[in-house]
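Next up: the structures, one after another.
The same chain A turns up in both complexes below, where it pairs with chain B and then with chain C.
And now, the complex of A and B:
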């Protein structure tokens, strides 16, 4: 590199290096200016604004230039939602729903994507293009459209119930999108265990929510939303895995075959380690997306399932813009907490999945 | 197919395992492909049914050539039986007719307009910034790179409220300009372009510089035309992202139904509560998806290349 640029500057006697540097500097600044300005005003500044307002009591109704528009109230909003206020149970319920959502969606979509990619990548498979198209298509579809499709599929008189009814004559149609029963609760119930028989310990409250509520599992309604997310995202992730797989030179596998490694050993000791940076990327994408789930909740949520389907991201929106007393400052506080949660989750997975240093 | 049979000549127990594995793998693939395709097929089929027939059992999915209208001459809704016959049904375009009478055509225009303008601006601003970060030494270059990288970590939800406030203060809430300016540059695109420019050889630019060309001429005349693959990926991501963008539209354009894009409009068409108007919603879903689907099938290769391109950055 250095020899090339040195040669170039030797051959350019018209302009001195210093003049060139000055010109580059001016050009550089003018080139980045529009994008930098937009990112600063609409990404960085808003983050700071959200942070600042989360420490105020500004509900959003009084105009900001009003002399008594708001006061700085310190950690009051955080206390109200996270520690001892009236909304603590709403917040932790949303946290619970979001955690079940993330834990249910991210591993399943990652494993499915990997398996599909490995199979599509097999040398003997013809029509790779067809499968890639079929799997990728939901990813280009609007999240709102996909939500409506699922609302229709899982409606009381919809295709899912129709198919299940056709398979089993004794099947009772399930109201998928309005059912608040937690999956773990249903499982316990099928074993004959209920809140009354399991013991008094489940009534202990942790952060304003009974243990019984914490261990409910995702509700049936939330599970349909999770199925939707997995259905949509798997294809995108599969294409990412597939391109990484195609980047592994076949000589690596040929060498392993000569050494007598079985298919499974090749997968376990060659494919998986080489895919680690990709897995890190795929899981990071998945986590950030899943923690922020909003569009699907917006469509599929209804009055009956608010308590088991509201995500933290949706709580931010509904606190800021819905209901009788919208409160922008409190919503900002929840948003900042979500930011911190996502940040911690990404750091944690860096430790477990490992990022750039994975290959060493 | 001949390749498959030649690979699966069975000689030993290990070959048997291979054949069984291959069969299972194909079954898994086909099952998954069906799960991915069937909902779209059902959506299209049911978008041509009257409300009464949508919930009919068994669910007919094969259209006949003869069409019906959902109300008879007297204006009374026809019953499901009049539209449905076993697995066959007589399609009706009433759902489509109804949404075309709504504000939907306007929303189609808004969506296309906003997606195109935002994408063009991104192509310009992202590639300029990416080029500067990759090639030009200016004060703060390194810092700016890390700031751009850092902004990718900011979750959209956190920006929801402050962006709303900011646009309100600027008088840009419920305007096209408000939506456009917020999305006119994005960190992902800048990094994509930076990475691309770093991968092309510098010699061309240096030769041009010897000839006395300045950076602006070099960028717009020489470098940018070379960047077609990256620009294609950026176009696809920008267009797709904005065509389907719900959250930004909800916050920025939510106050004026004339400015809605399709995803936002669909949530209004749905009606309120649990009483969903499926004929409207499904027809609207088909119309929203169709343009993206056409673009996808024409430029499929670039979609896949684009996503691989972004994935490799991991």
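And now, the complex of A and C:
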């Protein structure tokens, strides 16, 4: 053997382990190259370009081959929207709205998705296909169409108010889509606490917004949008949970049953821990989607609710394309800030949900 | 004949054809024309206009692109520097696009400029230079429900109708099923009253006058309908916009534009409605707002291409039969930008809608100067706060005006 390989190494060299590795990695690279290229061109590159333009004053319409297309202005755009500009309050209001939206939507849709998945996965349930389709249906419907349906359902004289009015004769119709009152404000009000009686400390401004405004809670109009979002995304997340549930071997449950574990104990000590990677995935997906909420707000927002429903993503859009002086550079700056917020939120929840490994 | 000969022959033929092609292409001018998509009727109208132009000008080849997402399309074109020779510009985009040097000056080329309504020329003028030719426009007027007025015993509004008459009519027509006036929380509704009352964003000396007494009076009057229950916001009337609230007879009056004609007649054929001019202000003044779009020529078009481009713009917007005349004769809501065709438009769509075109003579295009984006946002916020009864007009307007003053100070 050794003499053969020695002779061969003179003529046609035998591949060493290192060479083999190199050849393998070359093959591997060539396999991922198309996907990597597409990701680079359509994802990484635009991100870097947006990052660059966020430091300029480019309007978005002046041709880039123009000699004075734009100037690099440093951190001016960030300063204008985060620190000292006239619309800093608009930005932080959008941040507040988005945070309430995320805090309201993500946990609820995750829990609902898990519950629905567990129910649909039960052996005793007949017509599973029907329920799977019914729960998944909102997710495959266009979000714009769903938004319009909700607009109709929740309008002042719409079916929701009609049903509530039929149930309770004393019910006062709520203007679901136009009411700017924050839920926490309404709750405090029902306890007899108002901005005037709670104390002067609520008028302290943190980041250009009074504490009283920060603690407003989601407005009724925003809550309507949140309900819509929960209703539409739960189905998608349910399907993800469902596939994970079906991946848990039944032998684990059988062993638990032999040991005398109750249904609840099985769920608590087997299902939940084994679903941990899925939960991480579902929460991450939900977080990112919720932080980027745009289309539902685009449809459901109206002249009256701008201040309590505008999300950061919507602010990016309106800065770039709407109004008297659209400005792509400023919009890019806000978009980068949104990116940072989402990045931090994802890191935080990685700590809390505990990463993508199952508990052993 | 061997195969090489055949190949050679084919090659020579191909070269001759190519040379001929190049020669003819040199005589042909190609114009790229970009515009936004609106109603199918209007798109067909544009296509017919272009076809007529090509027929009249055999040497010019027009590539028409009607884009459903025009704003994005043309912005991408601008950014890359490769965009159409002729394209439409909305009045609100004009200041930015002009500033960015995208538009060729038009004073020298646009035919019979005096005949275009003053308000429309102003919208597309910068530093005394007219940049582009308005193709058509819309104005706002007062829509009223004829049956509701008759039931309440109120006379139909005439040309001399005042704000007091309007308030009285709103009170008289308000009942359990209907309010007198649908008042959208939109600056481009109450500012009709603002201009009628003689208010201006900037006074003669260029100082901010947005919170003048005349302005406060106008916004207070608009708010008063909501305040005393004789009017409401369309969203509180179960409607997405004024036109819907008015159409479903939730409001006896509203301020809307001529785009509502087709919508109301198609969606609510039973509705018996009329149009009057925006009521006369206490000081006897008149005003309304106008919204318009123009055909512009790219600043990058040169020589024969530029000539052909301006010929097309004049063809589409001028005095000829395919310009303003055709817009008037088509009668699909928008009005011709030239006064000489106003009569024809009224005849086409019906004399009962004449108030829209009457308003053109005193209409203002509500465009804020470039760099006043924060002011724009502040006016929106002021309007919302006033119409949701959270602030009174004086405070809200002063806050907005202060923003404008601050911007002005920074610019100096």
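FYI, the second predicted complex is superposed on the first by the 317 of 360 C-alpha atoms of A that agree within 3 Å, B and C clash if a C-alpha of one lies under 4 Å from a C-alpha of the other, contacts with A are read in each partner's own complex, and residues count from 1 in each chain.
Here, contacts are C-beta pairs under 8 Å (C-beta built on N, C-alpha and C of every residue); 3 or more make two chains touch, one makes a residue touch a chain.
Only a predicted model underlies this, so the values are computations on that prediction, with no experimental measurement involved.
Taking chain A as the reference, the larger set of touched residues comes from B, when chain B and chain C are compared. In the superposition on chain A, A:124 makes contact with chain B only, while chain C stays out of contact range.
Looking at the shared chain after the overlay, A:90 reaches chain C, while chain B stays out of its contact range.
Shared-chain residue A:75: touches no atom of chain B or chain C. Once the two complexes are laid over each other on the shared chain, residue contacts for A:252 go to neither chain B nor chain C.
In the overlay built on the shared chain, the residue A:137 is in contact with chain B alone; chain C does not reach it. When both complexes are overlaid on chain A, the residue A:235 reaches chain B alone and has no touch with chain C. By the touch criterion defined above, A:155 lies against chain B and chain C together after alignment on the C-alpha atoms of chain A. Of the two partner chains placed around the shared chain by superposition, chain B and chain C are both touched by A:302. When the two structures are aligned on the shared chain, A:59 is found in touch with chain C, with no touch to chain B. Shared contact residues of chain A, touching chain B in one structure and chain C in the other: 60, 64, 151, 155, 157-158, 178, 302-304.
The part of chain C that touches chain A in the complex is made up of residues 71, 75, 78-81, 92, 95-97, 99-102, 184-186, 233, 235-238, 240, 367-368, 370-378, 380-381, 383-384, 387-388, 403, 406.
Contacts from chain A toward chain B in the complex involve residues 1, 4-5, 8, 11-12, 14-15, 20-21, 23-29, 31-32, 34-36, 38-39, 41-47, 49-50, 53, 60, 64, 112, 115-116, 119-120, 122-126, 130-138, 140-145, 148-153, 155, 157-159, 162, 165-166, 178, 231, 235-236, 239-240, 242-244, 247, 263, 277-278, 280-282, 288, 291-292, 294-295, 298-299, 302-304, 313, 316-317, 320, 328, 331-332, 335-336, 338-339, 342-343, 346. Of all the residues in chain B, the ones that touch chain A in their complex are 1, 3-4, 7-8, 18, 21-22, 25-26, 28-29, 32-33, 35-37, 39-40, 42-43, 46, 54-55, 57-59, 124-126, 128-129, 131-133, 136-139, 141, 144, 147-148, 151, 153-166, 169, 181-182, 184-185, 187, 190, 202-203, 206, 209-210, 212, 214-216, 219, 240, 243-244, 246-247, 250, 262-264, 266-267, 270, 273-274, 276, 278, 281-282, 284-285, 288-289, 292-293, 296-297, 300, 303-304, 307-308, 310-314.
For chain A in complex with chain C, the touching residues are 59-66, 85-87, 90, 151, 155-158, 175, 177-178, 180, 302-304, 306-307, 321, 323-327.
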